[in-house]
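Should a chain be cited, it is by its letter among A, B, C and D, assigned in written order, with residues numbered from 1 in that chain.
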Amino acid sequence: DKPMVVFGGMNVLESRDLALRIAEHYVTVTEKLNIPYVFKASFDKANRSSLTSFRGPGLDEGLKILEEIKKTFNVPLITDIHEPHQAAAAAEVCDIIQLPAFLSRQTDLVKAMAETGAVINIKKAQFLAPHEMKHILHKCEEAGNDRLILCERGTAFGYNNLVVDMLGFSIMKEFGYPIMFDATHALQVPGGRSDSAGGRRGLAAQLARAGISQGIAGLFLEAHPNPAEAKCDGPCALPLDKLEPYLAQLKAVDELVKSFAPLQTD
Amino acid sequence: DKPMVVFGGMNVLESRDLALRIAEHYVTVTEKLNIPYVFKASFDKANRSSLTSFRGPGLDEGLKILEEIKKTFNVPLITDIHEPHQAAAAAEVCDIIQLPAFLSRQTDLVKAMAETGAVINIKKAQFLAPHEMKHILHKCEEAGNDRLILCERGTAFGYNNLVVDMLGFSIMKEFGYPIMFDATHALQVPGGRSDSAGGRRGLAAQLARAGISQGIAGLFLEAHPNPAEAKCDGPCALPLDKLEPYLAQLKAVDELVKSFAPLQTD
Amino acid sequence: DKPMVVFGGMNVLESRDLALRIAEHYVTVTEKLNIPYVFKASFDKANRSSLTSFRGPGLDEGLKILEEIKKTFNVPLITDIHEPHQAAAAAEVCDIIQLPAFLSRQTDLVKAMAETGAVINIKKAQFLAPHEMKHILHKCEEAGNDRLILCERGTAFGYNNLVVDMLGFSIMKEFGYPIMFDATHALQVPGGRSDSAGGRRGLAAQLARAGISQGIAGLFLEAHPNPAEAKCDGPCALPLDKLEPYLAQLKAVDELVKSFAPLQTD
Amino acid sequence: DKPMVVFGGMNVLESRDLALRIAEHYVTVTEKLNIPYVFKASFDKANRSSLTSFRGPGLDEGLKILEEIKKTFNVPLITDIHEPHQAAAAAEVCDIIQLPAFLSRQTDLVKAMAETGAVINIKKAQFLAPHEMKHILHKCEEAGNDRLILCERGTAFGYNNLVVDMLGFSIMKEFGYPIMFDATHALQVPGGRSDSAGGRRGLAAQLARAGISQGIAGLFLEAHPNPAEAKCDGPCALPLDKLEPYLAQLKAVDELVKSFAPLQTD
């Protein structure tokens, strides 16, 4: 029941300059609001819809940019990896490494990540039930790592749609690990545009509020100064200039629900 | 953005005495918390899983009990009907009549209800998308009634499960009518017990919180002094003795989210 | 493992003349193909999307047309009803009365239908799992009627889509009653057009084939001489001039799969 | 409209001896039935539920066994890979390499596979709509490979269930590539057992029949002499001694539906 943290940043590292600019804004806002903060960005988007989609700077160049952000702003980092061989390098620079949702069942990747000793943020696959996440936690524990976080990001609901099952947060809390909510990817409309996912960023505040009302560890989000021009997942990205009121509202919801006495209704 | 109202009561009118006892508790709690309140109970459960399931006292006897509750406690009433011929009688006693979810597409029922002039609470069918509710609103308007309320109660998600899509609240708000959340039926596990629906009442507060975080008109709920012995939908019912802390928490969430300045993220 | 029967006809009784013309074509084709045949048409579409949608001639006029068809072509009849009071009249004229999918949980309707002694065709609701249909069968049996048929017509799959779960046929066969497949309504795209359901009639033969491959009692279908102008569910209707090759193919599939020796793979 | 082919074999290479024994049986049966045949087995199960689940002999040892099977029985081979670096080695031994469903969006893997020039069998992800598969086909084409096959294996339907949407076969046929049906994995009940997927092998023949009734390129299946003791996916595996009647039935369905004249119903 500690105050919520924010894993926030941008989707893919479009450029060093943009990354620094976005990080700076997050740092300013989260300091002002007194919210513990971790900067998030991807060095590679490894599962875009098209071969010619923008993927990012790659591991080496990407980690360099992330390291510069860490030094400049003195913030912890999170990034996602896609192959076992990337785990060690990513964990050297980043405090938290992230297991992507589609890959969350890949044993070698899970094992390589666990063995770094870094904190692991496990994205819940769109095809898994909340109670099934225990198997992935278990894999990490068996590999000797119990510094684990589970992150909800929506469940496949028919074709080309995601739904966030609010009951899932309570089910996953039972595992004893912190639960985060990726409140911007959960806005995706998979396959919603001719060659990439669509999104519903106009509902960003509403959906985040519902998740944070569940009394969870924190919020994962991506923002962009100009979502319409973002190189990946712009349709889901929060406009960067709305970050402060967005987080201020969510912090208020978080504080309120964490002030409630436990209410047993069974 | 008025404070939330509560349509609350019991599932089926098990007996006059129990109904009076439950109504009294709701009245006491909602007065203490200063929450506008409407008493809800059904005179007939017309779609139980089994022919021998308890159905209730029927229209005449049921309306008599409801009338007594109205007089005793000076509260408005809501009840659900299932056939066109019941509309007029129900509307004479009740302030709001409710269109059941499974029946929400039945034109004759919708028309008969609309023509009473009573306020209509339209339960969203488990098989309809939020944006499809406009057709049912439209049917009522064409029949000359625009005193309408939409009520979310969960969507079919695979077999034997419901999910509440939080994005649906915002989509339905666009229609311009008040949106309620039936936060206890949405806990159902359809077909979850050998001869009736199961439920997840242990998550009653969590799910209601998520819905109320969306800034909606109010909450619909059912409670029972002994859910394990309730004659219908006990697995979803809030234990009556938890009503006060449950509503106090939700009122706080409602007040908080309605205090927020609008946040445009499109 | 008797040869498949066909419950076939039109959606709503648009006019006496069209009904006779369509019935004649079905009779000619099914006689030629030696397929046991029951004529189907609705006297009222009681759950259209809009109040102004065409509904049909109503009970009295509709039963008159159906009776004329029965006399003219010497075929058994099936029609669907929507309220308990219609059961007796419909059962006097029709050999089979049909319980609509959305209404399949309404106890009074089920009971009234069961008590006529007529054969009942139970449409599986879009929100029920195959194994849950046992409750509805049970209600009929308790009401003294075991002349029952179950009819698959697709399951809600996300918003605005239906899917037919082929495993459901085998699960429902275990109940010991004949299983039919409504192969044209299962093509619906609910809410797919601005004010009514869309459909995928271009896939009519493919979907029917899959269902008939399961070795079931028969096929339910609707056809129209000009689907684009049909007053209801045209997007799902088979073009009437394709009836003969369509049924010839399905009869061949049915005969083939029913010639197979049982194959236990458990 | 060529006769159906079979990609058949076992889940994971449990041992050299078992692989040879299973391959021999497939070869005998498919020769007898005159069905074009490709042997399938995995050298590594890279996404088991648990870290301690059996995974197989690994790439080097696995390819050795596969090569021996190829030489012994003179059959083409298919195997699945999980990381880009495995593509070249697998393609040297196998005629077809398979892209796993969960990994079907991973660009580097798709690209590495495409660049081998081998035929690629693309498993449709449980979280993708049929029409979205065009993006994956496109990625392969852009990487210079158009020797592609799409393979249906079921879609996520609520929690812990898969459904096969028969309409998807027709939608995917429009892409112009051969469509296969993985009729045993589609029987999975994801998360259905405490530490692994359950399955419905008792319905193996029924589900395969529905898929083959769609007039597709062929069937993908896994069998085991003792499914209850299989080291992976036994709950879905066909008992090996049922292979001949199972394939004989499906071949008859395939021949029948491919003999039909095209039937335009749009």
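Throughout what follows, a residue touches a chain if its C-beta (ideal position, glycine included) is under 8 Å from a C-beta of that chain, and two chains touch if they have at least 3 such contacts.
Just so we're clear, the structure is a prediction, and the values are computed from it rather than from any experiment.
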item: Which of B-C and A-C has more C-beta contact pairs; value: B-C
item: Equivalent interface positions on chain C and chain D, same or different at half; value: same
item: CA centroid of chain A to CA centroid of chain C, Å; value: 48
item: Inter-centroid spacing, chain D versus chain C (mean Cα positions, whole Å); value: 35
item: Geometric centre distance via CA averages, chain C-chain B, whole Å; value: 33
item: In chain D, residues with contacts to at least two other chains; value: 155, 157, 159-160
item: Touch list for chain D against partner chain A, complex; value: 46-52, 55, 82-84, 102-103, 105-108, 110-111, 125-132, 135, 138-139, 142-143, 155-156, 159-160, 190-191, 195
item: Chain D-touching residues of chain C, taken from the complex the two chains share; value: 155, 157, 163-167, 169-170, 200-207, 209-215, 238-239, 242, 245-246, 249, 252-253, 256-257, 260-261, 263-266
item: Complex interface listing, chain A residues touching chain C; value: 157-161
